[in-house]
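Consider the two complexes below, in which chain A is the common component and chain B and chain C are the respective partners.
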Partner chain A sequence: MTNEIFKEYSKQLPGKIIDEVKASVPKNITKAKLKAIFKEIVEEYDSMNVAPGECVGLVSAESIGEPGTQMTLNTFHFAGVSEMNVTMGLPRIIEILDCSKSPSTPMMEIHLKSPLNKGTGIKEFAEKIKETKLKECLKEISVNIGNSTLEISLDKNKLKILRVTSAKIVKALNTSLKGYGVRETNDLIIIKPRGKEDTVFNLFKTKEKIKGMYVSGVKGITQVLPVKKGDEYIIVTAGSNLKVILELEGIDPVNTTSNDIREVATVLGIEAVRELILAEVSKVIDVQGLNVDIRHIMLVADTMTISGNVKGITRYGVVSEKSSVLARASFETPLKHIMTAAISGERDTLNSVVENVMLNQMIPIGSGLPKLTYGK
Partner chain B sequence: MATTKFDVTKHIFVPKHIIISDREKNQLFKTYSITLRELPKIYSNDPAIKHLKTKAGDVVKIVRKSPTAGETVYYRGVINA
Partner chain C sequence: MTEVYLNGKYVGDVENPQEFVDHVVTERRKNVLTNNLNVLYNEERGEIFVEAGRGRLRRPLIIVKDGKPLLTEKHVMQLEKKELTWGDLVKQGIIEYLDALEEESAYVAFTEDELTPEHTHMDISPLVQMGVCSSLVPFGDHNQSTRLNAGSKNQKQALGLYIANYLIRMDMDVNLLQSPQVPLVRTIMHDIAEYDRHPSGQNLIVAVMSYKGYNMEDATVLNKGSIERGLGRSTYYRPSVAEELRYSGGLIDTVGVPDKEVKGYKTEKDYRFLEEDGIIYPGAAVAEGDVIIGKSSPPRFLSSMDEYNLASNLRRESSVTLKHGEKGVIDFVLITENEEGNKLVQVRIRDPRIPEVGDKFTSRHGQKGVVGIIVNHTDMPFSASGIVPDLIFSPHGIPSRMTIAHLLELVSGKMGALGGRHIDGTTFDAEKEEDIRKELLSLGFRENGTEAMYNGMTGEKFNARIYIGNMYYMKLKHMVANKLHSRARGPIQLLTRQPTEGRAKEGGLRLGEMEKDTFVAHGASLLLKERFDSDRTIVPVCETCGIIAVKDEFKNRHFCPICGDDTEITNIELAYAFKLILDEFKSLCIYPKLELKSKY
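And now, the complex of A and B:
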């Protein structure tokens, strides 16, 4: 009975309001009463709509900018763990909105499947994900000047955790070092230059080089930290490599996220980026205890993703997309824009705000927007 | 380590993408009196619509989860990469 009314009004009102009404009215409400309630709601809702010609962008800019002045300028914060920092506060906001190539603290939150999310074996799993270099699984590396060789003794315990055999390391060393012979004896790996003896200087140089050799794990993940979030365990990482991590076995790819905007754009697509911008900006604002309506952030996120690529709010990003020369020139580097426009003979149709302000004309906002036309 | 293929359309950040028919497309252009050029864009090789095999000129309907409205519908015009 009443379902028809709900259906009827679902065209005029967003789903969330309909659901709220459904939850709060009594079950046996009469049709007439429900209709009366909806009439009131529709009236209220329509009066809250943004009027045509309202300059929403300007309102957004002010609404985000004003609380921004209250923000702590430079905060690093990470759930009480000092060795892992996350950029927060204003620097992070700037980073997101400018859409810089690489964030200063890329991070991932890796959600896990059972039984790892209960905490069993999570430490070993985290160790396996972490990018391990040779220097981290060494006991000792020494230069034998007499024989002109390098002697490596490996940390057996560490290798056991990583499930890497010493044979694999020998193989990796063989491919990465040219002109050296690599040989394994009981506990040592001996690296000997082929042909004539190497200088001591070169030996030391090689020693430093092989210390940084990749052994195991996911490239780009520099730190791992298992933490309890709610009632399940997740792994927070410093460094990000979404593409590889999402396809690992044992993790829950659906909820696993990264904070690197460009990486999310290539792996998950443009709509995912919009969600990420929304989530990241509101996270920063919430942490600071500020209150910005999410619609303002949505507008910014939509603007940044409108062209199919992520574009930052910079002169190379969304500003360069503006059709008006004068509007572009009024942002940054005016001379450059005016010169290139003059050379290519661009036309400015004066459709937007800034160029009309410059020319002392009515701006197309609010009551300045409607124009008179002849009827046929 | 063992790996499995992951379908990105299942990720929490990726909303549902649907290609709309020509009839719906014309209806959309008529209701908002717009052209294809004025729609926001999406590349045909975007990971979220790769499996749909779209071509330039198609319109993708995106059903987003919204914190303010519950569910919102958004449209993007497909362009070639």
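And now, the complex of A and C:
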């Protein structure tokens, strides 16, 4: 009975909305009530429609750009977490939209499964994740000039926390150091060059090198901080390594996020990137107490991800996709664009705004879009 | 062992660094060593720096020993009697100069009250931390520092008597205030700088209230009666210069009324003020376009063959004319020679400037504003005793800027005017607010400076008491007469055929990239096109090769430089700047081919 009404409105409304209504109204709803509901929905839907020729891109640009001018430049903000420095404000927005290769402050929010999310054993877990270098579990490292050896004494307490044995470190040293013999005595690890004696200068060099040797944890995670968010415990990290973290035992891979756009693109795919851009840009704007309609940011996120690869709003990214030579040339590096266009003999069909402004022609937007013709 | 560096160069080591430094300081104070020497012992780095070079900023401080300054009352008395000079105090080791380096080791007291035995020096006066200009702001210690900065900056732009021999000078852009007054509320710097000999403002009666919205957003309301009595009148002087330049081949410019044959001859009317020598006479009232100095130059690019050519032998007109928007009276004419011995003519134009809507006025506290309206004396509010303000200042300028000194100056000025005396408003050392209030009360006025006032137009009494008093106001050099500009049509640039830029060239007002975006965002396509139509041109285009064709005006026909006559040629409409870029492409060997098709 009500099916007719659903069918009737499926011409006016997208299927998703029809399905949503179907799911949320009671089964035994009367025809009149359903009709009234649909009338309201259609009205709302129509008022949200954008007219053909409306310049949505520019409106988005202005809607994000204008509040952007009020943003305090270069704010280094503590995003609600103590002692974790995160790039916020305009620099962060620029970073996201330019889609730079390495964000200045990569970060992860690792959500956890029970019992870790209740806070039990979270400290140890966090410590295990953190990338530890040899210099962090050292008591002392010295050059013994007399014997021409390096002597390492390890911090036993630190090793206990990390659950690393000194034997493991010796093994790691053996594989990373070529041409050196590594030997463990009761308290010291002694590194001796094989064959002839090494110069003191070389020994110092080796000493500095092995200080940065990877010992345990997840590579790239430089800082960990267990915090309570809502009523569960999560781990906030500085540095990001989604690929490894997501495969760890005990974490909740569905809610775990990273703020590194490129990394998310390779690990989780393009849809995740779109969501990430949306979330990150809105976060910055919200922190500044500004109000930008989410749809403007959505449009930006869509243009950046529509090709299936992430493209920044730069001359190498989105702008290079423009079909018009003149439009590309008017953005940045005009000479380069004109030269390549001249070599390949490009054709500009004058379909968008900038070219037509340059030629002083009517722009195909708004009142310039409809064309009139007359019969003979 | 501590290393010693003299003027940044290593000179040796000392065993006892502290002893060494102390010794240097005592010897300097005894005037054995030059007082141009400063020393610092950096214990952390184990280094002693001795500096005696040039280019160090130093400041004088009173030396303190055991919590007591060496400068005593006796010294001050002697100074007053001129028995002692500043130089004597320095020589006697009572005052010494410290540079930024030695300041590191000094512990300086701000005032005498806060002296402890640990202090090594004391400021001569707290005022010395400020420069000449910021010391000119009265009650500066009651202002936010940014306002103090703004206040002293504004004073530099104030009109006044900048120099006394202005009549025989030919300075550019000179403004003189007609009847400057000495400020009622003064600081010590007014005495030191002999401000009374070159004042740059006037004591106005200021009421703090709103006036029909004409003083919102920092605007001020002026009393027309006050202006007619001479408030803020100034004179603007500007010299024009003409030289008889010499060119190669013995040719020379000539100052004189140009012949009618001269290339670029204006109308006879334009030369009407010139006397026989080609120079205007003092007293002539000139306006835009009038010639001040008649001059003609020899023809340009003269080759040997052209000497026999009559047409190219014509001299060029190069007179000095009044530019767009200028007017005035010829004040002074000077005929002399320049360094090369060529004739040099300078003519000074004088233009009286009466305050008008848009002129900028300021108090001494960074409270600058533009005149919003000039009100008839009869329409201004008045007090019970018949006092009418010269200027109405908006109360909204006070809370966010926190210029308390502005308010203090207002009551103090009122007290000064009523008591017939100057008020001392020296920063950190001003007359006490309570005393001024008490004195005001004793004269029968309300101690807080407010008065009952009446609406000038209706005669009704205002519900609120109005804060009214005297303030020192200055007219700033930014006057609308020098800035007012508008254009509908006008000159264009030769290269791009777009409108020229700037007021002096009667330029257009640029509709920039972001302004363009607003039109696009509204979808106002045709409006946008119309706005950018300023360099519109009709260009013939060859349909075969897509290159801009040529129109032969004599034969009235088109042809293409590549395809010749036998081709279809169509006129299209383009921005001239785009035609220009096409030409530039061609000069770079890039072939910009236009493909035409019907728009519809």
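Keep this in mind: the second predicted complex is superposed on the first by the 323 of 376 C-alpha atoms of A that agree within 3 Å, B and C clash if a C-alpha of one lies under 4 Å from a C-alpha of the other, contacts with A are read in each partner's own complex, and residues count from 1 in each chain.
Criterion: contacts are C-beta pairs under 8 Å (C-beta built on N, C-alpha and C of every residue); 3 or more make two chains touch, one makes a residue touch a chain.
None of the values given here were measured: they were computed from a predicted structure.
In the superposition on chain A, contact is made by A:Ile363 with chain C only, not with chain B.
In the superposed pair of complexes, A:Ile338 makes contact with chain C only, with no contact to chain B.
Contact with chain C, but none with chain B, is seen for A:Glu62 once the two complexes are overlaid on the shared chain. In the superposition on chain A, A:Glu54 contacts chain C only, with no contact to chain B. Comparing chain B with chain C, the partner in contact with more residues of chain A is B. In the superposition on chain A, contact of A:Gly146 is made with neither chain B nor chain C.
In the superposition on chain A, contact is made by A:Asp19 with chain B only, not with chain C. Looking at the shared chain after the overlay, A:Gly375 reaches neither chain B nor chain C. Those residues of chain A whose C-beta lies close enough to touch chain B in the complex are 14-19, 128, 246-250, 253-255, 257, 264, 266-272, 275-276, 294-295, 298, 302, 305-309.
Against chain A, in their complex, chain C makes its touches with residues 516-518, 520-526, 528-529, 532-533, 535-536, 573-575, 577-578, 581, 585, 590-591, 595, 599-600. Interface residues of chain A, counted against chain C in their complex, comprise 53-55, 58-59, 61-62, 338, 342, 347, 353, 357-369, 371-373.
Against chain A, the residues of chain B that register as touching in their complex are 1-6, 8, 10-15, 17, 40-43, 46-49, 62, 64, 66-72, 76, 79.
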